[in-house]
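Provided herewith is a single structure, encoded as structure tokens, for subsequent inquiry.
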Amino acid sequence: MNLSIRNQLPGAVLEITHGEAMSTVRVTLRGGQEITAAVTRAAVEDLGLAPGQSVTALVKSTEVALATGPLSGVSIRNQLPGTVSAITSGAAMATVEVAITGGELTAAITQAAVADLGLAPGSPVVALVKSTEVSLLAG
Amino acid sequence: MNLSIRNQLPGAVLEITHGEAMSTVRVTLRGGQEITAAVTRAAVEDLGLAPGQSVTALVKSTEVALATGPLSGVSIRNQLPGTVSAITSGAAMATVEVAITGGELTAAITQAAVADLGLAPGSPVVALVKSTEVSLLAG
Amino acid sequence: MNLSIRNQLPGAVLEITHGEAMSTVRVTLRGGQEITAAVTRAAVEDLGLAPGQSVTALVKSTEVALATGPLSGVSIRNQLPGTVSAITSGAAMATVEVAITGGELTAAITQAAVADLGLAPGSPVVALVKSTEVSLLAG
């Protein structure tokens, strides 16, 4: 199966918190980082997710933001440090490849942000992903 | 009213599940497919949404992912099969038009994904949309 | 700290509604507008958010939609009226700068939407942001 979602991070379920409509699922990635996904409770039940289960966290490139350092005091649960490996610039948008521990991430951000942050191959960055933007693939 | 949100899918409310903060709303589209929206409970109450009510599901192009076939075991609730009708490629990003039963969808994905998936007019695809990315317009 | 997230709107927490997994936080922006963020409950607790506290609402450009007028009967909680100040067009995507009361917003939308809505510097628009797309930075 081929999927346009560029970011596919393998890991295992650590903990699940159920609400009535939504659930949050904490996942330990293979690289050792932790990531939280906010998904519908119906999805968690249909997938039969449970602690220990293998899952792949899926994140669209357009949902990844970049900071030039760690960000404290922010509601964004997922922060993955890495290094810029490549940048493709368009007129309005750019895609930035980031090497993280145990994998690679793509961020689609505005070209203006690339310029303002002075991003270039080798730049240290922290990739930021809101929990509501993380989907989970079982197995 | 003109709106930049490219994907506007008419349907009717099937079922609502309320949490304290968030609600999930299942909608049957006119094309017969089902779509789930995760929205704030306050929005559902302010709109007075109820089963049977006409709504239009709104999805920004940047929130639509594409797969070359159905995806099982995934938390993404909304999967709409269709056929690529047109592709506009930029340096970093591309927009892909997909004809689905009862309508048309636009997906804004990376140009790298278009290349990797070998997408072209006529390609069968499944459009994937996370419930948290679906908004509802009453009436 | 430099951050690729283009939209950073300072304000203060007005009200918090807790669910088990998710919380909604209403924020009064300095420009006087109100904005709602749907974030994980764990984030609200970790940040110690409370009414009156200073926060900055963060919204990625790809999460901002534009309408040519106010939109009623919609689940999207956040509507910020403004005026287009600049447009950068790519083949597939465009970025649109919008001056709002008390600040500036960037929307990354499809170039097709810019053309269909006839957007140009000076156009009055309403920026729309789904609550699940709003993050909060304390302080």
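Note that the chains are named A, B and C in the order they appear, and that numbering of residues resets to 1 at the start of each chain.
Note that a residue touches a chain if its C-beta (ideal position, glycine included) is under 8 Å from a C-beta of that chain, and two chains touch if they have at least 3 such contacts.
The structure displayed is predicted, hence computed values, not measured ones.
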Interface numbering overlap (same over half, different under half) for subunit A and subunit C: different
Superposition rotation for subunit B onto subunit C, Cα-based, multiple of 5°: 120
Centre distance in Å when subunit A and subunit C are each reduced to the mean of their C-alpha atoms: 20
Shared-contact residues (touching 2 or more other chains) in subunit C: 19-22, 38, 41, 62, 90-93, 108, 111, 132
Partner subunit C, residues of subunit A touching it in the complex: 17-24, 36, 38, 41, 62-63, 65-69, 71, 73-77, 90-93, 107-114, 116-117, 128, 130-132
Contact set on subunit C toward subunit A in their complex: 1-6, 19-22, 37-44, 47, 58, 60-62, 88-95, 106, 108, 111, 132-133, 135-139
